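In what follows, structures are represented as structure tokens.
Common to both upcoming complexes is chain A, partnered first by chain B, then by chain C.
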Partner chain A sequence: MTLLSGEPHVITVGADLLGEALDAQAVPRTAVDWRPPLPGTSAALARVLADPRRAAANERAVGRLTSARPQLVGVRPAGEVLGLAPGTFLHAGPPITWERASGPMRGALIGAMLFEGLASDPADAADRLAAGRATLEPCHHHRTVGPMAGVVSPSMWMFEVDDAEHGGTAYCSLNEGLGKVLRYGAYGPEVLARLRWMGEVLGPALAAALRLTGPLDLRALIAQALQMGDELHNRNRAATSLLVRELAPAVVDAAPAHAAEVLRFVNGNDHFFLNPAMAAGKVSTDAARNIPGSSLVVAMARNGTDFGVQVSGLGDRWFTGPAGVPDGLYLGAYGPADANPDIGDSTITETSGLGGFAMAAAPAIVRFVGGEVSDAITATRSMYEITLAEHPAYQIPGLGFRGTPVGIDVTLVARTGVLPVVNTGIAGRVAGTGQVGAGLVSPPAEAFVAALNALAD
Partner chain B sequence: MAVRTGVYHDSVSLMRVSSALSELAGVEVAIVAMATKLNLGLARDLGFELPPADPSDLLVAVRADDVDAATGELDRLLGALSSRQVAESADYPPRTTRSAARRGGASVVLVSVPGEYAFAEAADAIEAGLDVMVFSDNVPLEQEVRLKELAAERGVLVMGPDCGTAVIGGAGLGFANVLRPGPVGVVAASGTGAQQVTSLLDLAGVGVSHVLGVGSRDLSAEVGGRSTTAALRMLDEDPATELIVLVSKPPSEETARAVREVVEKLRTPVVTALLGTGGPDLTAAAEAALRALGREAPRWPSWPRPAVSGRLRGLYSGGTLCTEARIIAGGGEFVDYGDDAYTRGRAHPMIDPTLRLEALASAEPGDVVLMDVVLGHGAEADPAARLAPAIAAAGVPVVIALIGTEGDPQGLRRQAEALYAAGASVFTSNAEAARHVGTPTDKRGRS
Partner chain C sequence: MTLLSGEPHVITVGADLLGEALDAQAVPRTAVDWRPPLPGTSAALARVLADPRRAAANERAVGRLTSARPQLVGVRPAGEVLGLAPGTFLHAGPPITWERASGPMRGALIGAMLFEGLASDPADAADRLAAGRATLEPCHHHRTVGPMAGVVSPSMWMFEVDDAEHGGTAYCSLNEGLGKVLRYGAYGPEVLARLRWMGEVLGPALAAALRLTGPLDLRALIAQALQMGDELHNRNRAATSLLVRELAPAVVDAAPAHAAEVLRFVNGNDHFFLNPAMAAGKVSTDAARNIPGSSLVVAMARNGTDFGVQVSGLGDRWFTGPAGVPDGLYLGAYGPADANPDIGDSTITETSGLGGFAMAAAPAIVRFVGGEVSDAITATRSMYEITLAEHPAYQIPGLGFRGTPVGIDVTLVARTGVLPVVNTGIAGRVAGTGQVGAGLVSPPAEAFVAALNALAD
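Moving on to the complex of A and B:
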């Protein structure tokens, strides 16, 4: 009975005239900045919104996403944990064929063929891949995520992350550093040498150290890093430092002969923590999968050609649109003409309420979003319009410790036309180039519209 | 001719921009509207060549001696609209009702987006546990039923869809007259019906506690009076309400029975006006309410000229007022310009009088025109300003039912006097206005 007894405060949505009539009566109101939904979605929206399962399904899905407790439990070879057969490669994004693969994706696959000893030289690798001699499957189909090209082969070592709340497990490769690296499509000798060292020295040393420390609470570590200026996608400096602080004594104890070079490598790569953050995101969003009637996005991923999304209520189906070219800052003499379309599974950070969604936490990198701190705050604030919840543990000091916006709802994307803000690295379009820059990218609206239409069917 | 993307303004705001632009010297035609099918058709009919556009784009079609000057003025007008929207909210403005509700503090939501989009906003309100008034019309029936089912689960009230008026705790929502506070609570399936009853009560010195609209279809068999029964129970619990007036179009038989059962269990007395059933008209319902409060009904203010007869043409903006007048007059040709068929893609006739003014101008000798003018918040700022000259020019007798109160921003007396001076007979009771005219047969029968 509060309607009739309290002081009226009206939310107005629609004609300005009716809002002005309330202003003329000095009735307090909140005006919705309403606009029509994305073209062609009104019928599907009405059907999906009327689904009696939706509200409860979304509450349950986003509840599972935000209550997940990711823990780093081990570092192990992909062949062992994923059961990858020789000649099978995982890649970022929705499914892709060699024919449709972009430069950096092809470069990374060539590098992986060489790394696994399945080809004698790059041309031979390309021929074999073109002839269909390798099996390509999305990382996401194997509880895995990979940054940029995201190529995973059996001999690569993986972070293993468990969800202590719901019991899931997810994997992500070890981060190679910046510059000429496999994930950006480079496959030169130095790339392969580094991968070999990572398999022979880095992986085993980290594995031994983790056996000494026991599981590492990534949820707590990410929460701390957000308060230290990371958004966990384009800035992982604080999180990497925290990881080194947690692991360093154990690395020394477990692998004294290699401790210095291992710690020097991890310490020298500000993005080392991106990969555990991605596995944490993957295990959290996987907890929200397969809830009938839910319109929550559980994956956004790009393969360098297509941008794909998956939705909780729609199983493992992908809904795709063309990957856009990021708008950003370029390294050295590179420019927009050198940029490949958007690539990588690292959008799992945005899907789990980090990255672009937590931009307001990372004033140090506001150059990526327009230059001003206010641009970063606006980016995060706009994401509350398309998300179902605020993360209970991941908080932003500059917003009064408000939880990050988390749990993208395709109905809210369609209604507002507001697309997820995605921070990303930019790969060179030519195979073998490596990274050329970093910036922001907008996902294609049609991927979300296609998912909405599928929910309406 | 241009299409602008990423800009949205509601149709009423854009119509104001269009008409401001059209009044500029040297501008022949100006259409500034969202690129809906209807608006594109309008532009095509005026001979504009259309670029591809979808309904989220802004269509600008201008034919003028100096298109650049007109475009400059357009930018200024649109800029004024946008800066007003930004100034309203320093924070990131909410883009959905859901987001606005999450910010807290609100007690009720007023939805007036186009009908095909209203469900989402209303469902947001219900899910946030807020009562909601859906002013929008053209909302599909099954969506109305679903909204009201959801509302029953969450224990909130859905007023509407197609709910023109509500007064809650003194705040007028939608088209609302300025009413003094008082003991009468109103539940209405008819917006203008409620406005007539409450305006008459106000003229008699009796105020209202709350006016709860329920939407024109609430008492249909499909909707089953869900909001009517919920609103009756709410007013019964309200300590400020001593008498309930229920204003309704004819309900389906089952619904009428269900409502009657609820009414019988209430502690608060109920006066019912079921229109079109041989029951009391709206004026009689207001008089019955006054008697129930132990008051005398006054003579309702009027500014009559001698009674007239002829071919009766009713040009109405209020559906219930239209029906009431047609029944009382016993014949004639009546059009309800507030009907969905006339409001798709254009503003309600209480805001935009164009269609009715055109109809008035086309009256022929021997016609008698009967029309309503509804005052209050949300309605045209000064209806007499355009209507009085049109009446004077029409050359036929005009009788007006003027629905409003002295407190209304337009001023009841000022409007009445201007319309009377232009040659019209003016009544504050629609029933009395309708009795002032009638078909020639009627007149003979009565005399």
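Moving on to the complex of A and C:
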């Protein structure tokens, strides 16, 4: 038998053009779905994939991520729980300096300086920040996450979320609502007045209510919200509603004098639950950190200038690339020219199997971030290619209750070239503009390439 | 040219067997999707379809149904708003006598007699009812709908829903929650105590809150809930949550002493919104009544013995057939032998384009009523075959924001043999058992055939 004497058995790989020509000639073929890996990753991939620790390490890491049981246990001041010294500010994303900070990040830092009484006016605050009179540290270095600029100062109140399975704790600020807010870089008097009210009324009322209800099971609440059209990043309407239902009677009992204003404030903001969802994601991914040999992504975060990832087997090192500008729908007269590059720790939702990864659960979100319903389903489906597991509790009814794709593996990203789908709010590039839109954004591939190369080393 | 001299052009109709044989022989064919009409309807169909008024009448009727703007305007006692005389009781479905009433209907009537102080104990109540000492009238004859037994007595409090577009008003009782409740035929002391609390605390608190908020736009709230996985018959979790969010601050302001217990009661029952949804359906379908020549169904309702329909062009006449037993999932150790035949006015949701007709919006409901997610989508898709319109406000994200199928046309039911899909709770057949399950049920075809024949006459 030689190659040419029998009927050929054809395997086709890569671009479909030649394969389709065989189809047209009725030649049977076996098509293999294959794409070249990301450029410059072949050698590192070979080394990392050959690491004998890797399979077990990833299984352990993603098992800890998906078995975490986040529960909301309290609401407390950042200064009390994070031990922040005056003049220290946390911010979203990987480390950044004032010089490299974008408009909304600078605005939020100015606002926090004013809120803490460390500057007399915005110009004074900017001068002091430029002179290095404040210490800037990533939220992620302090078991914390923050949406958009993510600036946390000692006087701000935080959601406290415990992991009932593995014992960790994580924090996220309280959501300020829409419009002119610190997280989008606004620092006017109304922003500071609202933050003061949140510290004096909202935080203590929620804290007192939670003492009455006991810990709130966020894993169950998120699972329900996914069955109600939320993806927990840009759509939190169901989760916010469920949270209000759970807490409202206790708010009345615990803080009768302020119950109506507290409930009105929370009711006025469909994104109120984003922050507990982020703390839940943080405490879950933290449970998967520091497992030697694991290529699991445990953080994706943006500071408005850089997009950074952290990987379980690589400790607290950041691997970064330039933050992109989301592609989406703009509010009012705003357009792409008004958009700041991608910003915020809210990509912890995608890192924990929610947000862009769960868009198939939230078809209505396409009215907010653009595209068709089929795009939302395609986005989720494609994320199964780069994740290690399907979440056992976070299920998508429309996909026959399949678990959300969870646990990004940098080797799978490098092998397939498929980048995580992130859906996000878009901040105005001028400090204080607020939200100008919402859309989808791809992280820079180089962050994942750099992480892979570090794993290979 | 004769029939046999050229290439044949084949049109296939009906059963696919012969058509598939042609496919196997590579003979091109045009398949026509056709089924014979319901048995015994051909002559009536021909007459009704030839009625020159019909097209315009149906367009007007379904236009009024879909343009209705139901809004929750108040909560008031039935005696005050319905002018019920003592000893008159409303019930679900078409007219029924005590003799023909099923277990849960009898239990609810006994409970209502006790609640109104018209009998000394259950046996006394049953004797008086059997002796004709009470007047029984369908809810539907009094601009009212009630879930399950649907029994309304003067001292019960009602949701009041206005149609801001056409000016109608409809009523539905307040939902009692789960477990032992009057609507499932329970009449023990705890049932009566709860009804008294609802009249003394819940009703007045909700009424006072609504006076503060002003009318609540139910059309908008239902449209949102459909984007959050409700279909508004067996799944009302999102709508209930949205209602709580809207009303909670006003409940605190209007009834501070009772706010916590009221919010706890509503929060404890994911079906609380079913009743406002039913009143919204009733006021919308009532707007489409009494249009001469229209074959639009304006009510489907069951009393636990008979299933009845009413048609726009036929006034208040009922066309009935025996109520079926739903096919679904049973709670705990219950099974089909424990099930009462189909009961309740809640099919007003299907009549107004919700419930079984909107199941594609609520894939998670299959965990409650049985089947696969694909069944839920198929159910909604098949309802487009027997309806006159797609609802302009009630949209299904998973179907690319297509409007729900709305406006059942008896001629389309007869032509296609496709019966409305109803999803429903299943009552225990023994009075007071409560809910034993939930599932899908088909109405009896003869009710639609009878309505068609009446139209032909």
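Just so we're on the same page, the second predicted complex is superposed on the first by the 421 of 457 C-alpha atoms of A that agree within 3 Å, B and C clash if a C-alpha of one lies under 4 Å from a C-alpha of the other, contacts with A are read in each partner's own complex, and residues count from 1 in each chain.
Please note the rule applied: a contact is a pair of C-beta atoms (placed from the backbone, for glycine too) under 8 Å apart; a residue touches a chain by one contact, two chains touch by 3 or more.
As the structure is a prediction and not an experimental result, all values here were calculated from the model.
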{"item": "Touched partner set for A:112, first chain B, second chain C, both or neither", "value": "neither"}
{"item": "Contacts of A:438 with chain B and chain C, given as first, second, both or neither", "value": "neither"}
{"item": "Touching partner for A:418 - first (chain B), second (chain C), both, neither", "value": "first"}
{"item": "Of chain C and chain B, partner touching more chain A residues", "value": "B"}
{"item": "Chain B versus chain C as contact partner of A:6, first or second or both or neither", "value": "first"}
{"item": "Which of chain B and chain C A:364 touches, first, second, both or neither", "value": "second"}
{"item": "First (chain B), second (chain C), both or neither touched by A:274", "value": "neither"}
{"item": "First, second, both or neither for A:14, with chain B first and chain C second", "value": "first"}
{"item": "Chain B versus chain C as contact partner of A:314, first or second or both or neither", "value": "neither"}
{"item": "Chain A residues contacted in one complex by chain B, in the other by chain C", "value": "none"}
{"item": "Of chain B, residues touching chain A in the complex", "value": "8-13, 34, 54-56, 81, 85, 88-89, 91-103, 105-114, 116-117, 119-121, 123, 125, 127, 130-131, 135-136, 140, 143, 146, 156-157, 168-174, 176, 209-210, 234-235, 237-238, 240, 351, 377-378, 409"}
{"item": "Of all residues in chain A, those that touch chain B in their complex", "value": "1-19, 21-22, 24-25, 27-28, 30-40, 42, 45-46, 49-50, 55, 378, 381-382, 384-385, 411-412, 415-418"}
{"item": "Complex contact set, residues of chain C against chain A", "value": "224, 227-230, 237-238, 240-242, 244-246, 248-250, 252-253, 256, 259-261, 263-264, 267, 363-364, 366-367, 372-374, 397-398, 400-401"}
